[in-house]
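Two complexes follow with subunit A in common, the first pairing it with subunit B and the second with subunit C.
So, the complex of A and B:
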């Protein structure tokens, strides 16, 4: 297998990781909610896509137009009703972190329980766009390529929104210092709610794309939370481009190790690179040093 | 306050009900009013996917059959309704042990059905033995079954051992090599977890003895979703046979990615999941020729009828490996109770020595193990036909090479 093949296979795999992680970085970085139910939101979207694609004359790509806004609304409601009270009463960042971890841990089981009741615990999968596409002589599956394209699109789009618009600047201000942001007339509660909802919308996009090529079960969300968490921490909390880069790097590392060393060592490689990044730059590849 | 009141009223209600029941004249003095059947199985957690496919639907089907018949039949012809006690072990070995202990001690279940999975069946085997319950372990693949039978005389093993499956596969492959259909090279991968480790450990000596040449032997971690590099390597190895001892998510991913990469080995053998009905339904024509563990006799009418009833009750067809055997084991239990009553010692003896008419046909155990099994199955004409052992009644001929995607 040539180097180009390995690189492209790695980028395509990393695209999934990046797409999944970007939503979490928004939620953790801006809304300051460490969302342990994140993976279950992804799974919920995967099931939603599964239901939508089964409808006549529908496909998962059109399904994105339903599932992603649905994710936004769901995220917004979760923030307003479940998390906003925690934010209001938390005296400092550490308390909020603990509270949000406990709350979303509970939410994880609620979502899982509802999915189990609705869909049972079976493996679910369907086939969509499982056709070969050739890039520079390397064959990749079209459905996985979509994940990479979507990751890049969403990553750059949201990055542009955050850095180039007034509204994005306000969000970043909230991320840096929620107290000071209020002083210049930013409604921090609303900004955080929108950031959290956007994160959930990204999770929904990720879930929809993943459902096209991956088998999922109602109880499989925690795997995604873990992977996303690794990518987020590697990339720097709250940094979209960081999550995008870290996701792609992780994909390339896994593929390289699998090709040139041994497929059994991919997990070890993931955690080794995670460890190296943490030792070398504890704030993540693109993170700001916090005093 | 409110909850206390409710709990109180419930207790009163239950008490009244119990008194009312006690006041009724007993219809059959020797028999209990209800037969308690209990089980602990993984309804949530990592094992839930497997349990929801092979175990739980068959328990449901059997219980609904019993309900329709009016209960379990006793030797004197009385039928006693069944009361179900169900626990979720949350895919935790400690939990399944605790639940079985509760079923035996606190709930005083008359019979306990086994959990899903090899590890879980082993975890509860000493308990079944200590409390004297027969254990009809179906979803457990183990080469040590003969030893276990000696250690726990009331344990029954229904799904064979790793060597049974790999020996059958090796024999089948060696025959095809002799016939000049395939070359003797085998590329083999396995998931680094219970099932994959057991099977690959059994496969290495099996393949060697059969004169096959394993040119690739790799493991991959649970949860691997991208098999591109592995498939490319297998393609480059020049092997005509590709064997993967995989779990369902890996099986599905391998199938999809083999198509994308136009990976067309002459023998494609994949692990758990190939026998799941959605697998055949999703792939359609493309499933033809894919091999795996298990299978059925497509001509067996009682199996066909069972599959339809399974679909009626559960809204899904059973898998084509363990499901029908799970159901057959329950039929054996039902029949044994009908012959000898509720004495667990006698039921165990009957299971061990008796011959039963089940969905599998005439069924009996050898040394507490079901040995009449399909070890290799192949998708043919829309069903997973048993192809090995080739000398078993109802065996279909293996159709190789597998056609390209």
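So, the complex of A and C:
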């Protein structure tokens, strides 16, 4: 592989990471839920896309129109039925954090169990637009390019929603200070539910995009959660552009490691980055100290 | 409070457990072995995570390290030395995790431990495939399951004893304070990071030893077997069911859940993770302080009604 090929492959992967990390940063930054089942929501979406694209006269791109709203509804229901009672009961932030970690850890096993029953533990994939496209002097599969374009489109769309609309400003106010947000008439509970649902919708988009160019398995959720979490911390919790940048960086580093060192060491590379961030700038590369 | 009588009763229980292999068949020994293993795991987990409320999701990472160390070294070193080596590796990893995360907010620790088992599994797989050229190892030892069981039982007793003495020492108070309010603890001059680190290391070494002692049970070991995330999950749910803040909580939680798990994995091998996951969520919702905390709360309330006036419900919510 040449350097350009590696770089493009890294950008494709990084774009996907950035996309899913944005969803997680919404959930943790605004809804204050540390969602350990996040990766399994991504995998669920990947399987959903797999099922949808197999239907007659369907393809994954149209599938997005089903899977992403589906993710939104699923996330909303999970928040309202599973997490909102915990939020209301928690006397302080630390208790909520522990409770949400435990609940979503339980949810992880439920989702994984359901996926295993439905689809088994084998690696799954489908072919979609696996045709070579020539770009910058190298050839890339068209599905990867589409994945990158989709990731960036979704990312920028959500960024614009959050920064340019009144509704997005309200969500960001909740992220900065839930108490003060209530004082100016923002319904924080609803904002949290919407943010959590939006986060799940982004996970669904990410899962669909991933399914277009990667194999996936029912038990692979942990790794995605881990990578999304590391990107979120690198970018600074609640910081969308930080997540975007950090996601691209992680994708490029991982692709470089798997091309030039060994594909079996990508998670080790991820952890090394995490370790460096923890020791050097735990508030994130682009974050301010807010906690 | 444990009196001389309770000590005698406890000694009798352990003596009976130690004698059990002479009366039981292979299945019985295997069953007790698994049970004692999980009691030890849950107790060791609660040793650190109970009082400090730092949720560790890395149980199986240390368990797997222990088991794999034995699989690699059991032919070259005497068995006690293998255990020492396993403990040292566990200690090293625990210090690495602890030093990089325990001075930060608890959530970094959780995240780090969440992926740790997967990281170590991938590293071991990579090492086995690229350096030794084989994936999976056979493990034949010249002693039977009863020896494994006795070793585990001894480790279990030691773990409970450590838990008991920590609770009664200055360390126990320090830990409780860290769990209640870390900022206050720090202002009182407690070296919070060091206390947490030491306890996390102790807990991880015990978990590593459980893995190392249990390893011969498998005879064939490969990364996917010994780094199975279900082990982390079961340990956590057992400790939480009983009440992680109490000495006997994990024991109380481990026994029924182990029975349930045995039954589920025999009858619903494909569905047990769904059932356990739902059960786990239910426990977090209904019994946030565990069974023991629940009964203590209600007992206190009953007593409060009986002797109106001088009451204290201060023990409510002490564990969390």
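The rule is short, and it goes like this: the second predicted complex is superposed on the first by the 269 of 291 C-alpha atoms of A that agree within 3 Å, B and C clash if a C-alpha of one lies under 4 Å from a C-alpha of the other, contacts with A are read in each partner's own complex, and residues count from 1 in each chain.
Operating definition for what follows: a residue touches a chain if its C-beta (ideal position, glycine included) is under 8 Å from a C-beta of that chain, and two chains touch if they have at least 3 such contacts.
It should be emphasised that the depicted structure is a prediction, and the values quoted were computed from it without experimental measurement.
Touch criterion not met for A:159: it reaches neither subunit B nor subunit C.
Looking at the shared chain after the overlay, A:107 reaches subunit C, while subunit B stays out of its contact range. In the superposition on chain A, A:223 makes contact with both subunit B and subunit C. Applying the stated contact rule after C-alpha superposition, one finds that A:119 touches neither subunit B nor subunit C. By the touch criterion defined above, A:262 reaches both subunit B and subunit C.
Of the two partner chains, subunit C is the only one that A:271 touches; subunit B does not reach it. Residues 112, 116, 223, 262, 264, 267 of subunit A are contacted both by subunit B in one complex and by subunit C in the other. Every residue of subunit B that touches subunit A in the complex is listed here, in rising order: 43-46, 48-49, 51-53, 189, 192, 218-221, 223-226, 228-230, 232-233, 236, 248-249, 252-253, 256-257, 259-262, 273, 276, 278, 282-283, 316. Contact residues on subunit C toward subunit A in their complex (touch as defined above): 53, 55, 57, 100-101, 104-108, 110-112, 114-115, 118-119, 122-123, 125-126, 129-130, 229, 233, 236-237, 240, 270-278, 280-281, 284-285, 288, 320.
In the complex of the two chains, the subunit A residues touching subunit C come out as 34, 36, 82, 85-86, 94-95, 97-99, 101-103, 105-110, 112-114, 116-117, 222-223, 225-226, 229-230, 233, 262, 264-265, 267-268, 271, 274-275, 278-279, 282, 291. Against subunit B, in their complex, subunit A makes its touches with residues 1, 5-6, 9, 12-13, 112, 116, 120-123, 125-127, 130-132, 139-141, 213-215, 217-219, 223, 254-255, 258-259, 262-264, 266-267.
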